[in-house]
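Lettered A, B and C in written order, each chain numbered from 1.
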Amino acid sequence: MRITRYAALAAAAGLLLAGCASEAGNQAEDAAENTAAVETDVSFDAGTTMARLNEAGAITIGTKFDQPGFGLLNPQTGNPEGFDVEIATLVAAKLGIDAEDITWTETVSANREPFIQNGQVDIVVATYTINDTRKQVVDFAGPYYEAGQDIMVAKGNPDDIAGPDDLAGKTVCSVEGSTPAQNIRTNYPQAQLTTYDVYSKCADDLRNGNVQAVTTDNVILTGLIAGSPDDFELVGETFTKEPYGIGLKLGDTEFRNFINDVLEEAFEDGAWAEAWDKTAGDISGTEAPEPPKVNRY
Amino acid sequence: MSFLADNFPLLRDAFLTTLSLAVVSGICALVIGTLLTAMRVSPVAPLRGAATFYVEIFRNTPLTVVFFFLAFGIVEIDLQFPTRFITAVAALALYTAAFVSEALRSGINSVPPGQAEAARALGLDFRQTLGTIVLPQAFRTVVPPLGNVWIALAKNTSIAAGFAVTELTAALQRLTNENANQLLLVFLAIVVAYLVITLPSAWLIGVIERRTAILR
Amino acid sequence: MTTSSVLFDVPGPRARRRHRIGSLIGGLVVLALIGVALWRLGANGQLDPARWSVLFDPNSGVPQALGTALVNTLKVAAVGMVGATVLGALLAFGRLSDHAWVRVPVTAVIEFFRAVPLLILILFCLLYLPTIGLRIGAFGALALGLTLYNMAVLAEIFRAGLLSVDRGQREAAFAIGMRKWQVMTVVLLPQAVRRMLPVLIAQLVVLLKDSSLGFIVGYFELLRQARSLVEFFNFRFGDLYTFQLYVAAAVIYIVVNVLLSTLARYVERRTRRNMKTAATEDVELPADVQMGGGGGIATP
């Protein structure tokens, strides 16, 4: 029974290692508490999406699971954390739904529209840039934040990249299906674009020197830098506008108006700024910016 | 159909990338796999052990994991491939070599032991027996399995899409994002591109198999 | 290893000494390579026990997450396997049919699913099927993709299994007046199934390997979970645990698969000892099928 012996050995080694507590384990208690006040006494017109969700007392929300500061899955709680998650929880609270009754579904860049269209999720809050192509298949509430494309380089900026025009002839990494990748392809064809499915691989490649820069929305880059402040830095100013909206089913105007009202109220009463401070703002160390203006198109 | 014309350069480059990935890593895998097989039947026990260990490890590891380690793991031992294309070739070749070896070994086992015994009785040594009697016959019986390994390899190149190689599957992912209203057409184009590689290969294998078949 | 023993003489004292010296040198080279690798890992701080302890520290949530992910991996593989076995058996019967209108389309289905990359199949299930009203999540897309290609592979294996039963048995069954389906179900299938069992287990290994493609469609199997953990820790600790987490996922895959392979070999030895299966020939999983992703194309 050699296998049993090996297993026993491995278990012993595991116990030994478990003895020395890991840094990751010690920080487990830091998980952010959710404080959005849940509306208990709300009523909606019969037949609306709001009434249906309120009745069910549950909602399915699509978000990113891999973006620090906006939507990042916490394996210790099994739930995502970040600014997008806070905003979505606010919306759910106004529908009279507890945070525990939210089902979080991962939506990646490639499946957000299909997931909304066929009802696998009720809303999508996932660093989702509002643009005209997407408006043809889904509706957007918001924007609730305006990001912009920026560039991240290795610490010390060894290649002297100050802006997108300096990317010519350089290797730059981004994620397939994202608006920044598309922007590089169309407007800066001289740059050699490498694409992955997630930004963490881009960050690895930048660390290893396989690429000279990583480009995407500034807030996503800030999240990547937060973990490795000694390895990466941001350059220059943002050079695009990426208004983040909440995606919902095309033509559900009542629901869209409702979410817009929720957002405007949150802009007013400080709930929005509070959400920013404990997530994305906590990472970047920046004050909450001026909230954007909701676009009721 | 306009999207086909619009994206022709992308599709053509992606197709050529897939094809060259399959061809280059196929050749490398054949070389490594043949070496492994020779080791597995050699009289030196440690060589046999090492080759068997290699095959066992790769048989039980997902190709995706092999890719991960060559792309992001070996940096930790201060190694790195110059480009992502070469990383993909290395991953595919190392992985496929194990299965080339499996195919060759079953081919060798299919050569009746009497043949090797006769060769030995004539006084041929290990190298001569293997090189002039067993392998030439084994290679014939392994044409179909080896060909199938090659086809499987051609399909497995799709995993390189997750590792920054713009081959057909990566092109598919880009096109589905940009042409969400013509999904079926996008899939059709990519599937046809793969079939252009796999179906003629299958046909060719059939032809070679019939040409080289030996009566037993 | 039936032939290898006749390929060379039993080595004499001098050859044995030569082999010993060669083995010693080879062994030293291998040890030196491992040493260099460990040294570089150590120099990069990757062998620090604090980095590895995260894998066993329940407070970090890592052991639980990897455990759940292993269950997810096994779950999708099990669903794919059951679906593929049932459909594969049906397709195998279809391909052995005497009627061309059954045989030809079934053959086309089998060939098609073996000629298309698995990843494309999974992406098709995930991206296209919802647009025609078929609600399918990441789990569904992965399970369906695995089912479709495996059913094609298994259909061929089943067919080979049915054909491997000694011809005399079939002829004898026909001679005593059995109908075709009786011959199939009463005579051939029971014998073939016994022979198939180790091959089915071996195919499960292939399926487990292929389930790792779930990381592309966002299904939380081992590799996707490892990546998710890496992303989570990256944002607090940089790449402190990246290497360890990926190694852990790989080791779990390898251990589970080696155990399954061992089981397959054990079952095979058992069946071979059993005299009742003497009428069938060995059916082995072809090398290309072991590669995953559907292998090559079935040659008729």
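In this text, a contact is a pair of C-beta atoms (placed from the backbone, for glycine too) under 8 Å apart; a residue touches a chain by one contact, two chains touch by 3 or more.
Computed from a predicted model, the values in this text were never measured in an experiment.
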| item | value |
| --- | --- |
| Distance-to-centre winner among chains (Cα means, whole assembly as reference) | C |
| Identity of the chain that, by mean CA position, is farthest from subunit B | A |
| Geometric centre distance via CA averages, subunit C-subunit B, whole Å | 17 |
| Approximate Å spacing (C-alpha centroids) for the pair subunit A, subunit C | 35 |
| Rounded Å distance between subunit A and subunit B, as computed from the means of their C-alpha atoms | 39 |
| For subunit A, residues that touch 2 or more chains besides their own | 110, 114, 197, 204 |
| Residues of subunit C touching at least two other chains | 127, 131, 216, 242 |
| Multi-chain contact residues (two or more partners), subunit B | 72, 162, 173, 176 |
| Contact footprint of subunit B on subunit C as seen in their complex | 1-4, 6-9, 11, 15, 19, 22-23, 26-27, 30, 36-37, 40-41, 44, 46, 115-120, 123-124, 127-128, 131, 205, 208-210, 212-213, 215-216, 223, 242-243, 246-247, 249-250, 253-254, 257-258, 261, 284, 286-297, 299 |
| Touch list for subunit A against partner subunit B, complex | 109-110, 113-114, 137, 173, 176-177, 182, 194-197, 201, 204-205, 208-210 |
| Interfacial residue positions of subunit B with respect to subunit A in the complex | 72, 75, 80, 84, 162-164, 166, 170, 173-174, 176-178, 180 |
| Residues of subunit B defined as touching subunit C within the complex | 40-47, 50, 56-57, 59-65, 68-69, 72-73, 76-78, 95-96, 99-100, 102-103, 106, 108-109, 111, 113, 116-117, 120, 125-126, 129-130, 134, 144-145, 147-153, 155-159, 161-162, 169, 172-173, 176, 183-184, 187, 190-191, 194-195, 198-199, 201-202, 205-206, 209 |
| In the complex, subunit C residues that touch subunit A | 49-62, 64-65, 126-127, 130-131, 133, 135, 137-138, 216, 218, 225, 227-242, 259, 262 |
